[in-house]
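The structure under discussion is supplied below as structure tokens; questions concerning it will follow.
Note that the chains take the letters A, B, C, D, E and F in the order they are written out, and that residue 1 is the start of every chain.
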Amino acid sequence: MDIIILNDNKLNLKYTGKELSPLWAFKTFGTRKDSIVAFIGEMEVSKDNMKDLADVKKEFNIDYPIKSEKAINFIVEHFDTNNIKVAYLRQRLLVMMAKEVLNDFGVKVRREGDDLYIGDRKLSVSIASSGLVSHKIHLGLNVSSKGPEHVKVVGLEEFLNENEIKEVMKKIAHKYVGEVERIERDIRKTLPIL
Amino acid sequence: MDIIILNDNKLNLKYTGKELSPLWAFKTFGTRKDSIVAFIGEMEVSKDNMKDLADVKKEFNIDYPIKSEKAINFIVEHFDTNNIKVAYLRQRLLVMMAKEVLNDFGVKVRREGDDLYIGDRKLSVSIASSGLVSHKIHLGLNVSSKGPEHVKVVGLEEFLNENEIKEVMKKIAHKYVGEVERIERDIRKTLPIL
Amino acid sequence: MDIIILNDNKLNLKYTGKELSPLWAFKTFGTRKDSIVAFIGEMEVSKDNMKDLADVKKEFNIDYPIKSEKAINFIVEHFDTNNIKVAYLRQRLLVMMAKEVLNDFGVKVRREGDDLYIGDRKLSVSIASSGLVSHKIHLGLNVSSKGPEHVKVVGLEEFLNENEIKEVMKKIAHKYVGEVERIERDIRKTLPIL
Amino acid sequence: MDIIILNDNKLNLKYTGKELSPLWAFKTFGTRKDSIVAFIGEMEVSKDNMKDLADVKKEFNIDYPIKSEKAINFIVEHFDTNNIKVAYLRQRLLVMMAKEVLNDFGVKVRREGDDLYIGDRKLSVSIASSGLVSHKIHLGLNVSSKGPEHVKVVGLEEFLNENEIKEVMKKIAHKYVGEVERIERDIRKTLPIL
Amino acid sequence: MDIIILNDNKLNLKYTGKELSPLWAFKTFGTRKDSIVAFIGEMEVSKDNMKDLADVKKEFNIDYPIKSEKAINFIVEHFDTNNIKVAYLRQRLLVMMAKEVLNDFGVKVRREGDDLYIGDRKLSVSIASSGLVSHKIHLGLNVSSKGPEHVKVVGLEEFLNENEIKEVMKKIAHKYVGEVERIERDIRKTLPIL
Amino acid sequence: MDIIILNDNKLNLKYTGKELSPLWAFKTFGTRKDSIVAFIGEMEVSKDNMKDLADVKKEFNIDYPIKSEKAINFIVEHFDTNNIKVAYLRQRLLVMMAKEVLNDFGVKVRREGDDLYIGDRKLSVSIASSGLVSHKIHLGLNVSSKGPEHVKVVGLEEFLNENEIKEVMKKIAHKYVGEVERIERDIRKTLPIL
């Protein structure tokens, strides 16, 4: 699995929702493996690019239901199956490992499903979905506390400095890949049930 | 999904590894849904009943590689797929939620893959596997600190009283089921990727 | 599984083929479960919205190959698999149960594949298909005997009064859901074959 | 798909439950296709060979919970998938088509799940299950009205003569295969849902 | 499986990439089985219709990356699964059998992945992909040695006369179908592994 | 994927059929990846360990239907799916690549399905099958021309010296793994079909 960490985001990537299209990582970076791409950049997803129809419904009169001046973005693509249940299970792993890493950095976060909170303010957005040849996950962790007006948002910049934020990004990406690969090894040591 | 919590374990259940056989919960409790069974009891798994061949290899001269006088045991069975990858992904969720609940009770645990530790002592054993019509997970959390001689073991009784331990057991079971069901609902609000 | 029966169709729903798009029931009714929606309304499917290419071929010079002034419409969506074989097997179940219910009401119908007939006149149209995250079924039972000119059509209004037709609609929906859920329970009591 | 109808059962086959083992039709008849085998013979299934654990539970003190002096037996094996949900869906099709054929012969049968009744007496037994490379279905329709003592049983011999019973057997087998093959053709004319 | 060989290509088919769309063979020839279509005709695939993004990347300034005045074209569609891994495995079979047949005709070809070469000149283009209800394969074997300017191309006309080329086309199609069907029969004689 | 080549077979491995059991490579060599193991040794498979029931039938009065004093043995295990169709497709790839390598060494072999011949004598035996968590392939290429009495057998020792035979073994193993990995990369550059 490829880990692509854009430390300085010289490509000026932002998350618009289109990054969930199949083979985006191949088109952008040429990777021909399963991959996690991580960068710090703007998030701005228009309703047309949203996969979460519950959010679209709830925020039907808002043009960009997902919006952040600055966020850590993870974009994951796996080709081993396009089963959306696997996509959501891996999304939960990613979110829970983000929580683990933030806790290790002293940031106390609370999880509800695929959402992370600090106090009653929302730290993250996330979605999983599947296409014909792969499944994908996006996780965004606000760095800036300025989000869309309809949500009480919190950003990591209130708790961590720039280097720590980059460190958090890197740790989460590596932890996720380590876990996915460990599961592959676990499968290969396990007797079936008869 | 059925949640079967045996508060006083009047059936005197112990975990021997045979509880991983398909339809064990149906045979024992008559449930005809996916299920999580939770009880506090002995763990004693002989090599013949072990699914983890790495443990069998490592501890080839030990008769009962898994052994605990008293442990919280969770036995999960899902029939939606028999894919072992899904089994292991759900196992990780269960382990990570066990960690979350223990943290909420003030017990600081560390996770490596599917193992939980307190300090450098091992708190848990866990396996996932799949059969022909279902997949299954076992998670055991030591209550007693007496384990097999070849492993440094820690038990929850050092940190929690009996009621708290039962509360932990109940909370983990409910949290797991809540998450599994929330994922099902998430799937049903998500547009696919074209 | 959600059963959504629109007794008076106050939403004025008609079947145009677009109701087969993924998550239509979520978008329209907010349901986050597998679902069957039933209503009495017009059917008018243009060639562009038809999934049955054999019909499109056969009726290439007809603008609306599927057309009925008034029909009972069932729209089913399942998210457990997107396998089109499962979609067509469940479609057959639905059609055969429609036949069973109509027989119970004294209407003698004959089945050929997924088509129902009374004498040599066609009572029903049906299609199954699958998308990326779900599979869907439509079954339409003519209430009015006025169909497109190229097909000899029969409607239930020749045999049943309005209340009976509503009763038929309700019975079929409940019977289908009952059967699907019973199969789930049957799976959970069945030993595999070794 | 092969249709193997043993008109006179010269092999003296009986249904013991072992016929559900994988590749039984290949071992017995050399068929290398999906198959339905139909014969009239005794049914006697011991508890050890039963796949329906609910029956085993309910009738725990009975040695042969399934028993009939004479029954039409259908044994189906499909290799296209080993998904037990498909096995049960196809079982329902088979049972419903048995009902259709019997109705055409003037025998009024009632269906509940995978059971057929005449009045309040049970006409049939059936199971579906799956193995590693195939799934299998058994459907038995009593010819003789003598069954095990714990069940009120009815046999077709009360309603049909020997030739009609053979005709029923043949019609059901052909109808089942016709439907399975028609579904395959339906799949190949259906546009997916985007 | 249907084998559709267009000996004289009176329909004047060419390969443009659009022939990979689902149900193309049904729309064009009415087949309702898995199929292989073979014809000799032009190949000209614009970038918009290319599925191989590596080629699109490499040849980003070329309008028609795939181009041949005359080629044998095979278009395969299977509906048994839409798993892209199966699509690529079957593509390899097809390419390797093309090599076998050409060798039998005395044309020495070399294979690298899904590409065939004579010496250092490229004889073939090929892609596999999957849609929602089927997977598809294209294999093109140049007859003319005139290809796009950016590739050194070789055509069969340098080695074989017109009749031999047609014979090669027919042999490959029949060999492919024979192998696919033999595998189906092999599956139905094989015991699973316990 | 792990390539385990036992150049001198110091472990004195022979092929008895039991090597097809799940996790054999993990138990024997500790590998926790998909793997191909290659060694030169005896083949002797008793009827009880045979997975090919057609061979068992044909040679019902022979104790060891598969027998060779000395053969190159390949034992492959993949955990990405347990679909037996994929097992047989990969088996065909392996057999065809064995043919390619032997051709490169000047040994002219002919293929029929999964069998290789030199003239009318049989060079190979092969089987593919699947278990619960993996699928497996065995390919045996006779080195010695002494086989069981009921088959006309040929061995590579008639054409190649010992070093060449080892070279052939190594080349086939590497070629197989190279192709499997190339297919994985091909999947990750291919747009789906809409």
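Note that contacts are C-beta pairs under 8 Å (C-beta built on N, C-alpha and C of every residue); 3 or more make two chains touch, one makes a residue touch a chain.
None of the values given here were measured: they were computed from a predicted structure.
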| Neighbouring chains shared between chain A and chain D, ordered by label | B, C, E, F
| request: Could you run down the chains that neighbour chain A and chain E together? | output: C, F
| query | Rounded to the nearest whole Å, what is the centre-to-centre distance of chain D and chain E, using the mean of the C-alpha atoms as each centre? | reply | 43
| request: Return the distance between the CA-based centres of chain C and chain E, expressed in whole Å. | output: 39
| note | Residues of chain B that touch two or more other chains sit at 22-23, 26, 32, 53-54, 80, 84, 129-133, 187, 189-194
| query | What pattern do the touching chains form: line, ring, star, complete or other? | reply | other
| note | A full list of chain pairs that touch reads A-B, A-C, A-E, A-F, B-C, B-D, B-F, C-D, C-E, D-E, D-F, E-F
| field | Parts of chain E lying in touch with chain F, wherever the complex brings them together | value | 20-22, 50-54, 80-81, 83-86, 88-90, 92-93, 96, 100, 111, 113-114, 127-131, 136, 179, 182-183, 186-187, 189-194
| field | List of chain B residues in touch with chain D within their complex | value | 23, 26-27, 30, 32, 132-133, 194
| note | In their shared complex, chain F is touched by residues of chain A numbered 22-23, 26, 31-34, 79-80, 131-133, 184-185, 187-194
| said: Show me the residue ranges of chain A that touch chain C in the complex, using the header's touch definition. | reply: 53-54, 57, 82, 84, 129-132, 194
